[in-house]
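There are structures below to look over.
Two complexes, one shared chain (chain A), two partners (chain B, chain C).
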Partner chain A sequence: MEVLFWNKELETLPRPKLEKMQFQRLQKTVDQALKTHFYQRRLGKAGITSGKDICCLKDLQKVPFTNKDDLRKNFPFGMLAVDFEQVVRLHSSSGTTGIPTVIYLTQEDLNRWTDLVARSVVATGCTKKDVFQNMMTYGLFTGGLGLHYGAERVGMTVIPIGGGNTQRQVHVMKDFKTTTVHITPSYLLHIHSKLSEYNMDIDELHLKRAFLGAEPYSENTRLKLEELYGIDAFNSYGLSEMNGPGVAFECIYKQDMHVWEDAYIVEIIDPVTGEVLEDGAKGEVVFTILTRDAMPLLRYRTRDLAFLHPEVCSCGRTHRRLSRILGRTDDMLIINGVNVFPSQIEEVIMSIPEVGTNYQIQIDKAGALDRLTVKVEIYAKMFTGEASALDALKVRIMEKLRASITINPRIELHEPGVLPAFEGKAKRVVDTREAL
Partner chain B sequence: MKVRQLSVFLENRKGRLCEVCSLLGDNGINIRALTVAETETFGVLRIVVDNPDKAAQTLKDNKITANITNVVAVEVKDQPGGLAGILKVVADNDINVEYMYGFVEKSSDNALMVFRFEDPERAVQILAENRIRAVGEQDIAGL
Partner chain C sequence: MAQQLTIFVENRPGRMKSVSDILLENHLNIWAFTIQDRGEFGLIKVVVDRPEQARLALADHGFACALKDVLAVTAADKPGNLDKLTTALLDNDVNIADAYGFVTPNDRQGMCFLEIKNTQGVDLEVVVAAAGFTVVKDEELYET
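On to the complex of A and B.
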């Protein structure tokens, strides 16, 4: 395998040099943050009034965390660290609570972000010969525009189609010989289920790779997509608070995602105590962005659960790798007192060939107890006509799930195309229990 | 002689069986024999129709999950002991029956039984040796 670099020097910088760069940038970032009222107060309480109060990288731990609620409370301008006229772009998220958050970028910030995205896509093997169909939503969401600019910088042919309109997506893929897509895994699964309806054969497409992101999914979902399309599917990680896509990306070895550590300091913490954990330990991911003047964020708590690989990757990059997101500190379900992450259920479902690409998790009350129902669609080609085979399938799904999540779910088999399909982020958990 | 049976996956939803049967009816397909294997959360509808090709295509066009299985349809004298006579041949020859269902012919004194055998080839042969006639799809279309 040929390893391509966008900026080989930075991507393979020896750790001591990389950490020195992080330290210098951190001091500057703290100074920049102190231009906002929010950080003046927040850092002042911790005795930090200048970047010089940070004497080494480890001093970052003196800095208090920033969380989503801080962004909401300081909406819209409370965390802006430059004159508004310096801002060339903003992205905003409405959030599920209805209180929006906003991120600002100067021209230089945008330039640096674009460079990180370019670095990310080159790491997957993309060159200017590739045709890139960007199926992420454009607009205030960062996923669409972020990848768009990065791919353009590499010189790829960018098709800014956005999400939705599956039939057109498929025809565009065929007509322009799209090699690379950026898409949510649930939408890529959905497209596959529609191909026969459009009389399209998988061999008529020229797809080589997919960048997956914007929603949680299991390793088995990735493998299933790779098999269905005959492609390489790359995990990516980003969040709007850290610019968006391009925070961490897999290289061609697909052994989890390199965090671009010249631009971000990543920490894994115990979500309860806030204590910083060793590499390899699972915890909440915390980021400090080092390359954004308009809106510095220090120790931002993502609520994503993951771990860092301490080992060096075969590609030669010195930037550590972040595991896939194993769950959210806030999407964990508690079912009859047992902690269950939807990702555990997905992992099991996607490992079973007889079920299709769509599923739903439902939790309701049966008397005093919580009841978990997992609804799956059967894969039409695997239907043998025998009821006994379907019964055995149900038992097999149930036993595999019980082995993984320790509770007994009910399994419902559905006809293909019956469960809700998603053309963007999937919402697969329906919890009808009354909130306490 | 084998007959194609359509097995249709039905999720447990009010009116679903009616929808499938109406669809076949609207397309001029006549159901000659039917049974439903049901469980708590889904069912499998098994039908023998006058035009299996058209039925299969109609189901496929309407994205209904279905599968074709070969079954054996046998004429049974519509009188006491008629079925037992056939089952004796089946049992004596160690032929495994996975499931079976029946219906009465309008135009003759015979009933028709549909068998799903583990080994349909062998079953048809042995039935023939015992002068038990398996009917073909043309016979069924003409009923």
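On to the complex of A and C.
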């Protein structure tokens, strides 16, 4: 396998040099943050009034955490660290939870972000010969424009098609010989289920790779997609608070995602105590962005759960790798007192060949107790017509789930194609329990 | 042997109709059918004049369905005939997994379809004939 680099020197910088760079940038970032009222107060309370108060990288732990709620409370301008006229781009969250949040970028910030995205796509083997169909939503959401700019910088042919309109997506893929797509895993599964309806054969497409993101999915889903399309599917990680895509990306070895540590300091903390954990331990991911003047964020709590690999990757990059997101501190379901992550359920379902790719998790009350129902679709090609085989299948799914999540779910079998297939972020959990 | 098509459907209004609609569109003739209630879903079992075409048509519409050999037996409409048949099958260790039967009112002819587990591998045609009944032959059922 040929390892391609966008900026080989930075990507393979020896750890001591990389950490020195992080430290210098952290001091500057703290100074920049202190230009906002929010951080003057927040850092002042912790005795930090200048970047000089940070004497080594470990001193970052003196800095208090920033969280989503801080962004909401300071909306719209409370965390802006430059004159508004310096801002060339803003991205805002949809605000489905109430108050929106906003992120600002100067021209230089945008330039640095674009460079990180270019680095990310080159790490997957992309060159300017590739044709890139960007099926992620454009607009205020960072996923669409972020990858768009990065791919353009590499010189790839960018098709800014956005999400939805599956039939057109498939025809565009065929007509322009698309090699690379950026897409949610649920949508890529959905497209595959539609190919026969459009009389399209998988061999008529030229797809080589997919960048997956924007929703949680299991390793089995990735493997299933790779098998269905005969492609490499890369995990990527980003969040709008840290610019968007391009925070961490898999290289061609696909052994989890390199965090671009010259631009971000990543920490894994115990979500309850806030204590920083060793590499390899699972906890909440916390980021400090080092390359954004318009809106510095220090120790931002992502609420994503993951771990860092301490081992060096075969590609030669020195930037540590972040595991796939194992759950969200706030996606976690508590069912009869047991913590359950939807990703655990998905993992089991994807390992059972007799059921399809769509599923739904339903939680309701049966008397005083919570009741978990997992709805899955029969996979038509594996159907034998035997009622006893269906009974055995239900028992097998139930037992596998019980082994993984320790509680007994009810299993419902449904016809192929009836459970909601989502063209955007999958909403696969229906919780009808009344809040206490 | 006769072929039965088993179709997986959800247990909710309109699913039987969506199956019969597809059979009608394809000009398929239904000779027998039954539905097994399995809670949130059901299994529709049909015997039609062109089983493979029915399977393909339903699969095209996304249905999970499968064909299976079943034993089609005819007998005169007379008290005790079912008992004679089941005795003959029992004597040969043949297990009946599922069955449905009916009598055609005009010619008083009894007919049944049997899903069987023939673990001993006996010649069913011989067993059924020895009991005084007839296994319906493929050429009587299907156009060749």
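Going forward, the second predicted complex is superposed on the first by the 434 of 436 C-alpha atoms of A that agree within 3 Å, B and C clash if a C-alpha of one lies under 4 Å from a C-alpha of the other, contacts with A are read in each partner's own complex, and residues count from 1 in each chain.
In the analysis below, contacts are C-beta pairs under 8 Å (C-beta built on N, C-alpha and C of every residue); 3 or more make two chains touch, one makes a residue touch a chain.
Remember, predicted model here, so these are calculated numbers, not experimental data.
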Three-chain arrangement built on chain A, chain B and chain C clash or fit: clash
First (chain B), second (chain C), both or neither touched by A:Gly385: both
Which superposed partner A:Asp69 touches (first chain B, second chain C, both, neither): neither
A:Gly417 touches, of chain B and chain C: first, second, both or neither? both
Interface residues of chain A shared between complexes with chain B and chain C: 378, 380, 383-387, 390, 412-418
Footprint of chain A on chain C - complex, ascending: 6, 8-10, 15, 36, 38, 40-41, 43, 59, 62-68
Chain A to chain B touching residues, read off their complex: 378, 380, 383-387, 390-391, 394, 411-418
Footprint of chain A on chain B - complex, ascending: 5, 7, 9-12, 37-39, 41-44, 46, 63-69
Footprint of chain C on chain A - complex, ascending: 378-380, 383-387, 390, 412-418
